[in-house]
Amino acid sequence: MEDHRSSAFPHLTQSLLQDLTKIFHTVDGRPFIFPATGSGGWEAALVNTLSPGDRLLAVRNGQFSALFINCAERHGLKVDVIDVDWGDGVPPRQIETALKADAGHEIKGVLIVHNETATGVTSDVAAVRQAMDAAMHPALLYVDGVSSIGSLEFRMDAWGVDLAITGSQKGLMLPAGLGIICVSQKALALVESARCNRCFFDLRDMIKANQGGFFPYTPALSLLFGLRESLDMLLEEGMEQVFARHRRLADGVRAAVDAWGLKVCASRPEWNSDTVTAVMVPDGIDGAQIIDLAFRRHNLALGAGLTKMAGKLFRIGHMGDLNDLMVLGALGGVEMAMADAGVKVEFGSGVGAAAAHFQRTPAAHH
Amino acid sequence: MEDHRSSAFPHLTQSLLQDLTKIFHTVDGRPFIFPATGSGGWEAALVNTLSPGDRLLAVRNGQFSALFINCAERHGLKVDVIDVDWGDGVPPRQIETALKADAGHEIKGVLIVHNETATGVTSDVAAVRQAMDAAMHPALLYVDGVSSIGSLEFRMDAWGVDLAITGSQKGLMLPAGLGIICVSQKALALVESARCNRCFFDLRDMIKANQGGFFPYTPALSLLFGLRESLDMLLEEGMEQVFARHRRLADGVRAAVDAWGLKVCASRPEWNSDTVTAVMVPDGIDGAQIIDLAFRRHNLALGAGLTKMAGKLFRIGHMGDLNDLMVLGALGGVEMAMADAGVKVEFGSGVGAAAAHFQRTPAAHH
Amino acid sequence: MEDHRSSAFPHLTQSLLQDLTKIFHTVDGRPFIFPATGSGGWEAALVNTLSPGDRLLAVRNGQFSALFINCAERHGLKVDVIDVDWGDGVPPRQIETALKADAGHEIKGVLIVHNETATGVTSDVAAVRQAMDAAMHPALLYVDGVSSIGSLEFRMDAWGVDLAITGSQKGLMLPAGLGIICVSQKALALVESARCNRCFFDLRDMIKANQGGFFPYTPALSLLFGLRESLDMLLEEGMEQVFARHRRLADGVRAAVDAWGLKVCASRPEWNSDTVTAVMVPDGIDGAQIIDLAFRRHNLALGAGLTKMAGKLFRIGHMGDLNDLMVLGALGGVEMAMADAGVKVEFGSGVGAAAAHFQRTPAAHH
Amino acid sequence: MEDHRSSAFPHLTQSLLQDLTKIFHTVDGRPFIFPATGSGGWEAALVNTLSPGDRLLAVRNGQFSALFINCAERHGLKVDVIDVDWGDGVPPRQIETALKADAGHEIKGVLIVHNETATGVTSDVAAVRQAMDAAMHPALLYVDGVSSIGSLEFRMDAWGVDLAITGSQKGLMLPAGLGIICVSQKALALVESARCNRCFFDLRDMIKANQGGFFPYTPALSLLFGLRESLDMLLEEGMEQVFARHRRLADGVRAAVDAWGLKVCASRPEWNSDTVTAVMVPDGIDGAQIIDLAFRRHNLALGAGLTKMAGKLFRIGHMGDLNDLMVLGALGGVEMAMADAGVKVEFGSGVGAAAAHFQRTPAAHH
């Protein structure tokens, strides 16, 4: 294992930080890599730019936005929460209204989750930026992109995102263990004055050490080497191709859900996530049972409905290094698990609908 | 990499040779491992037990039996060939008749392929042994088990097999690079008198070196370590469970072929192979095109029809460490590739039939 | 990659937590695993047991104790620092005096580093506990064991350690990426009342999730699997054997330093670390140059002198899965690099002294 | 694992065959890769170019030349053997004399081992070619390069080698499992007429299949992928650099042997092998005991003296991906094992001599 204090090490660090900007689609933003997870990324984004008592505006439309809000509150921040139905996307209008009402600009930041993994809902970040601009409000825009960045279209500069947060284990196709954030120049300017206590996540140390290509403490070296590989893979394929590939696989999965006569959790088609599909189970069926049967009998890992949605849905992930056949196999597994659990499903109906879609729309080579 | 001449090495060798007898189902037979392939195993079996000019009786019912016969002929052996249709199994009656006609016992061995990969045909080895016994003929029984041993029922002692031949890359789930044979005591007694020229495949050196747990020349060490792992996996699961698992997956694949309205190459159900299914393509369709489209557009490796059967079929392998979802995915890929090639196929029909089978017959855990 | 929310996952978590207690030598202490590093472990230990404004007593005898103290200060804690020479161990007498002077028991904790990697100094934790007991002071004992636990004798219960902190990349022989702490019952009782802001490192969430064998957010799964392996290795060898092995290798390295006519940084023999030896370079020589030449010309990673000790020493690590030959090779590399840098060294003098030691004291087999 | 019959496979095959010519230093020669070992390579070279009863001239100067000769004899070839002392190189004069005496050109080939691993002797192949030319004799030149090709200077075309033989596990730094031969146009012209029986090693099938980039039977796929890597490594470093690197390490080892006051087996300095050094043990000491102690007590694999040389020497390999520190560690291990066995050796004497050499002659970077 290479030595993270050797004179050869900065070359790796600098290549990673350089190429991460292409994943975030930013020229001015500055990425940072922590030996942590996306949850650590939330904390890093908040504590380096805010002070205890600061006010935030946040939308809660699923389990991960609920946890992001909770993280802010634990650090002594006051969060005005806009609650919407789980299954809905972030409502730009309500954000605009709330910001307009904050004439004194007490609200320091807007917190949203780009892709709510818990409900399979992707929100329109560009529309949130437009709402903030329409309100002529200076708050920072904090966006959880843990399950979107590297898989779904994400444009930090174009959308005016100030703090973008992701992890290693989703779009970057690595084991969990890296929390990665990207920080706009506007947000970076606040690091010195932010008064939240911090040490492990302190950007001041990170900025200083990164300048020489080092880290302030031992980095997760094996994951940094892995990150080099996964960035190479993504950039070789091209981000537009990556987005299109996820769209195509997701369309196949949604064709299967239609064929089964079931509904997704996302309440409007424009909110359908291309990385995860949350399928509402029929009345009288326990989603948890389908998930358990899928795992125990068919070796298939489905996601559960969380808190409010517990038992009401199961989630099919379709992110990262998947191909058509793996998706078809997983859909076949869902059919079997649903049958096991008593759902009336015609075997092959969903798989066939997806196969028809995939066959009609040949995948680009990569 | 461990040293193959070290005092610690014999422990590995001896554990491998010991456990291989459980895979061959033999008490008296003695296994040997060559750094070669199954084709090398054919050669090892022949040249160590026969002399140039010796006569053999062989059944040719597919490409691999044709090559096995060719191997014998290249070593100066005379082979009486019983040709049957490709798609048929080995005919015990014809063997019995031929042996009975050989009153002088000039025929030194009977050569058959247990599982003809090229046509998806598994023959009845026990019936061949019965035929040989009925003819009261002392010929040795040579059985190619390259694509059966470790996956399909194989009972060396019960079936009176004298030379059983396999490789590392099929039922043993390793990369290619080992040719493994198992030799009955009756066959071993012939090693000294056999006059075929040989050196690399000479059992005399192998017997001598193996006694101390060594090899006469550098073995393929990385594959020996892998073999230790794969033997552990197979024996932990239990060979009966391994056989049942392959049967269950194969039944699913055959349900799919039925649902597509197609026929398998095996001309009778009792010859259906549980490790590979050869699917006859409809008139006017080129099997090679389906295979090419499956590979290029759907990332699916299908086997081709060989020589006589070129273009007439494609083969779906279902051997080794596969699970239900991988088989369903592959069947989905076949549906897409058939549609690409102009075959009329209802998407989901085959996958659904297989899923229905798998769901009705839950897999044992392993 | 296994799913960290599956019903099979708790088995792994529970086995890890159970076996970690054997590494910490504790019956009552409770271990926690964070997807972070040892530096994160410092933070976790502090913020879960203390409140802003709390007073601590700490010894600063090297770079890592300096950083540990800094971490406490950044979280709003007031640290009374006992500064001793870098190269000295922790002074139990001074701790006793300071605690006796704190009649009001304002000091909530004592912070020490068991093995100062920066100077190759191992302190006597048992003596610190005796000093605290002699002062009849209720402060908690916080011990950084990042470069000792899993390699050097560490007895949490016997030594009355309340917070023991380590990481994955030293004695546990894994890549960096886990911060592991072990918490006494006395310290656990403070978690609810501690008022330091925290979320990522909050033990409350960890306790709740660990009860079911889960984690509150995505764990560093690949490292957890690795931890299972490294715990198996350590426990199979036996911790006493692990300690003896490090002692033996360290004695060899120190014999080499003696043979070179050089001094170690540790100012007394009882403080010599068995995991790292810091070698003072002769006057007029720049330690950094030796390190750079070792790396560039001889492919050898030596540690540098940090801050105060920059240029004055180089460090030879001898921790984890090393054998005699690797140590001899490294010592040969040091000789070459010293010669490159102008140090007068007889080639073979240090390596020979170490070889003589190793040959006289055969290693136990493991 | 990629499919060896897929349309993508030929690209790999062709790149391997192309780059192997650079390792053999040939423009006209044609390489072939068998899933076997170097011993299989001997057989392939002989049986494809000779007929039973053909006469060969061979030099026996160590265990591997003895085995090569034995391989020829087992295939019905008559070998005139020139026996020289083990420790001597191949004698060009004696070859010239023998060939001149063969006025009828009955001798079809000259067999030599370039680098006798058993004695650490490298012979002068160019001088053998000159002797053959001086005798104006048309015999083919068969050269075992198993432990030289890829490490020591080897120039197939310049030296007029007709059959060059190697394996994967030495200079190519892979696990054992490939037998690789390179065949001159002159030798290729004999393949059709050669009458040795053969099938597994038959070049006719190999030539035919290789034309399309395929193999006549399953190749050792994992090793082919490994070969791609090792060829890339060697060619990136440059073969001249590879040769120089081995020379430098070998000089260090020989400096150690000198410092110990011992002798190598090679009877003249020009025969010293740069890949392996055979060290003669002092009278009254059993070399086998040193080897056993090195393995059991110091985790060091030394080679044994074989047959004639059993007990008289031990061998230190210094081939492939080694660096200075690994060699120094191994030499330290030899010192300890010699001391264990009762040899009087000053600890550090040999290691120091090697370190002095390495330090004086900095390694090129690669």
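Going by the order they are written in, the chains are A, B, C and D; count residues from 1 in each one.
One rule holds in what follows: a residue touches a chain if its C-beta (ideal position, glycine included) is under 8 Å from a C-beta of that chain, and two chains touch if they have at least 3 such contacts.
Please read all numbers here as calculations on a predicted model, not as lab measurements.
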Next item on the list: Go through the assembly and pull out the chains touching subunit C as well as subunit D.
Entry: none
Checklist line | Distance from the mean Cα position of subunit C to that of subunit B, given in whole angstrom | finding: 56
Margin query: Centroid of subunit B to centroid of subunit D, CA atoms only: how many Å?
Written below: 35
Note to self: What's the distance between the Cα centroids of subunit A and subunit B, rounded to whole Å?
What the structure shows: 48
Check: So which stretches of subunit D touch two or more other chains?
Finding: none
Notebook entry, point to check: Which two-chain combinations touch?
Noted result: A-B, A-C, B-D, C-D
Next item on the list: Could you pull out which subunit C residues touch subunit D in their complex?
Entry: 297-300, 323-330, 332-333, 335-336, 339-340, 346-356, 358-359, 362-363
Next item on the list: Please give the residue numbers of subunit B that touch subunit D in the complex, ascending.
Entry: 1, 3-8, 35-40, 42-43, 52, 67, 70-71, 74-76, 167, 169, 175-177, 196-202, 216-223, 292, 295-296, 301, 303-304
